[in-house]
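Note that the chains take the letters A, B, C and D in the order they are written out, and that residue 1 is the start of every chain.
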Amino acid sequence: MDSRIIIFDQVSKIYPENITAIQNISLSIDRGELVFLAGHSGAGKSTVLKLIAGIETATHGSVIVNGFELSQTKLNHRTFIRQHIGFIFQDHKILFDRNVFDNVRLPLDILGYSEHLIKARVAHALESVGLEHKTHVMPEQLSGGEQQRLCIARAIVHQPKILIADEPTANLDRDNALRILELFKNFHKAGVTMLISAHDESILNDYAKRIIRLKQGQFKG
Amino acid sequence: MDSRIIIFDQVSKIYPENITAIQNISLSIDRGELVFLAGHSGAGKSTVLKLIAGIETATHGSVIVNGFELSQTKLNHRTFIRQHIGFIFQDHKILFDRNVFDNVRLPLDILGYSEHLIKARVAHALESVGLEHKTHVMPEQLSGGEQQRLCIARAIVHQPKILIADEPTANLDRDNALRILELFKNFHKAGVTMLISAHDESILNDYAKRIIRLKQGQFKG
Amino acid sequence: MKLINAHYRSIITSITRILNKPFEHMLNILVISIIIAILSSIFVITKSSRIWETSNINYPQIMIYLSQNAKQSDVSKLEVSISKFNQKLIRNYQFISKQQGLQELQQDQQLQMISSDVITESSNPLPDVLIVNTNTANPKLLSQLIERIGNMNMVDNVQMDTNYANKINDLINFIKYIATFLQIVFVIVFILVVYNMIRLQMLLRQDEIIVSRLIGASDSFIMRPLAYYAILQVTLASLLAYFLVNWFINFMNGLFSNLKYLFGNSFLLTNLTSLQLGQMLVILIIFTIFSVFLAVQWVFKHAHA
Amino acid sequence: MKLINAHYRSIITSITRILNKPFEHMLNILVISIIIAILSSIFVITKSSRIWETSNINYPQIMIYLSQNAKQSDVSKLEVSISKFNQKLIRNYQFISKQQGLQELQQDQQLQMISSDVITESSNPLPDVLIVNTNTANPKLLSQLIERIGNMNMVDNVQMDTNYANKINDLINFIKYIATFLQIVFVIVFILVVYNMIRLQMLLRQDEIIVSRLIGASDSFIMRPLAYYAILQVTLASLLAYFLVNWFINFMNGLFSNLKYLFGNSFLLTNLTSLQLGQMLVILIIFTIFSVFLAVQWVFKHAHA
């Protein structure tokens, strides 16, 4: 078994109207590795993460996740890969028509878990992010930071093999941010492969095993 | 004319189900002042800002903005006050069904500006935040930081008397954050009253004229 | 000036919205126009049948058989008393003398065989007859009328096909019944569909509405484009319905002209006049604005901002 | 096991959705049910009128006048040849002898006055008559039939109210025309309304669909609750429509029983059998699933994720 779980081989992503987000990037990430992705606004961080989850498709080069070359994988199989990834979206993508509990259970519904297991798992995930007292609250009644933590709970509830977090601490004060990073560290210890983007490197220094720096779609130093 | 444009007099805000967000806060802000609001996630920063814009109503005490006691002002008059406030929402509130230009023009439409003036004002606002090259792009094609700057452009396009920004730099890298703060400083110089919340105080140090620190709904030190 | 500009922009906005997603909006317009078309068809049919009803012999005839020894002067007297009856009861009458009666009888194929040899001009057993065309199908009024005529001088016998009278009366009531019933059903359907259309439109634009409110939009700023949108929809639907009804009328009139002999006179559907079309449109638009108002209030309450 | 669980959850979800916003969904159900009710009413009416059509004397009668010197044996021969005609052309026939004809004639009020003195049993000018009830209203077939009968032995004269035949034929075609026309219109309306309902449902749940896709939901995971939702709506609407039609039938039958004498026999609408109801439901549901599929594909294309 290949020790590398994510491989980028000379990947470029050009959005419509010739907007080059990523240019000729190659990288590989081992199973269980913890990698940070840093870079200015518009550097291409989110694009890299979306390519891994198969949400965007590379224009050139190949993206291989868990042995699958994504651009050659059928859409239905790509959604299957997503089921094994936890994704914390930069714009949250919270569903405002249902309460915190029902937001967090969504990945488990997709995987077809039983009601019993769902209750236990959701409770555990909410506890990890410190939202256990908001279980039955509607998302619009949460503060910005609480919403962010809700997204984290949804991404980890099905205990994915790969956890991708796009600026997971952007809306959090230092204490809460450190708490979340601590949580991620535990995941890392449990063998989860992790990719975390951040525009603010200062908070990473204690944790960074490996930092990839992007600048205008290319690797930097 | 009262030099104070915003007055909180023993204000408390208790959300449904007895969630106390703000407890017995009194403060006053002078015309043209620049004030920062700091505090942990859930401290009540957004609540204070929403009370000023009349989006939420105080449970106890009185909130006076520009001479109007908001809780005694009719809804229609409250929307009138909002027209003179620029609000940068923590959750952006971008309309994804229209392009950047049409998002930014919205406040001018509400004020009934002519097409000619709208074009000039929007162009100028987009330029101030560095989004002039994205004028006709759909918001979903913007990176997280670009979306945040779009919100800032919409809040300043009608040159409001009061500018309220709820974590305007949360999604921005340091360079872009400093650029935005520089922009705010220029507004401040032009006489706009400004209230900016942030969970991260480090970036404020160079600018802070006055910092109000919240902790669990109350003033702190 | 600002207000005119605002209205102008709202109109442009709603037209652009419809042009941007023509298929979706066409569906709505089509459904609404079908409902309006059905409503106006029912209106057209009842209106036309009322015209047809009054201008055609479809009310029962009363046959007055005079006694054999009635003279010309008796007939004249009788005619005078009958012409005094209310227009609403009697439309006109017709005198058929013994001689005319005989001629008609001789033209009847089946009777020819038996009558030709037996009955001749000299031995005419037929009475003079006065045929009265009534103007009502109400059985009560008709039986009163028959009683009064029966008591007149020189009247031997009065006959009316009461069965026929009842039939006509029932048929007319029946048609009115069904027409009213269908009209009520389709007015309700129209109300529900328009209200629902606007509610859904608002739900689909809920983000826009909430954000606009938050940055200071007034109720009217939000209502205006929705109202124009709905008015535009209903107007387009009404026009489409007008053409549908026009086509339906032509189609039906084509059929009716083939069926001409089934009805006393040719039954013709007449289209709505432009005045009626205008009135209908105004009523529909008033209702539409009211619906928009209700729908907007509903969303405001649920968006509480 | 997982799949059954998933289906079970989808059903529960769609029921909860309907129960959570009963008013909105009731509107949809009502509109759909009215359309279904109209469709099934048309079906019921055409079905019932077909039954009525075959069981009532509404096809033209042919009167065969035999020559005066026809004997009993001639009549029998004639009856045999007529009974050989196709069932589709001739339902039955009835022989009326001179004597019977005379008796009937003597009972006719108007003729009594002239015939009683003149025509007696001994000097009976009437012919024997054979009345044939036909089974078709097709003018071409009827005139062929008349020609063939006219050429038969001892037949003096063949008469048919061709005018009446044409009327009946036209009327039947006319009703079929309109029924078909209305059925097509309302099937189209049904398609548009259901498709639109699901599309709007999906637009309203677009966020949910997009987010679900992004975290790995398959097409069927997204389609399932929507399909159940739509099926539930259509099923409820069908049931409601069934009651509406039932009520309509009772209402109409009440009216018809008053109008009994207008129609040869009492005209009765019969409701859909439970088999027909089941068939209708199955067809509607198949169509509904197809609509859901189309609508889902449409949204997937536009959400391209």
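Annotations
Following the convention adopted for this analysis, a residue touches a chain if its C-beta (ideal position, glycine included) is under 8 Å from a C-beta of that chain, and two chains touch if they have at least 3 such contacts.
The shown structure was predicted, so the numbers you read here are calculated from the model rather than taken from an experiment.
The chains in contact with chain C and with chain D alike: there are none.
Think of each touching pair as a link: the shortest run of links from chain A to chain C has 2 of them. When you average the Cα atoms of each chain and compare centres, the chain farthest from chain D turns out to be B. One inter-chain figure worth recording: chain B and chain C are separated by 62 Å, centre to centre, where each centre is the mean of the chain's CA atoms. Separation between the centroids of chain B and chain D, computed from CA atoms only, is 68 Å. Between chain A and chain B the centroid-to-centroid distance comes to 29 Å (mean Cα coordinates, whole Å). With centres set at the average Cα position, the gap from chain A to chain D is 62 Å. Residue positions of chain C touching 2 or more other chains: there are none.
Counting partners per residue, chain B has no residue that reaches two or more other chains. Arrangement of the chains shown, judged by which pairs touch: one closed cycle in which each chain has exactly two touching partners.
The full set of touching chain pairs reads A-B, A-D, B-C, C-D. Contact residues on chain B toward chain C in their complex (touch as defined above): 53, 55, 76, 79-85, 87, 89, 93, 95-97, 106-107, 109-110, 112, 114, 154.
By the touch criterion stated above, chain C contacts chain D in their complex at residues 24, 27-28, 30-31, 34, 105, 109, 111, 113-115, 117-119, 125-127, 159, 163, 166-167, 170-171, 174, 177, 181, 185, 189, 192-193, 195-196, 199-200, 203-204, 255, 258-259, 261-262.
The touching residues of chain C, counted against chain B in their complex, run 2-3, 5-6, 9, 207-208, 210-219, 221, 305.
Of all the residues in chain B, the ones that touch chain A in their complex are 15-17, 19, 39-42, 46, 90-92, 137, 141, 143-149, 166-167, 170-176, 199-200, 202.
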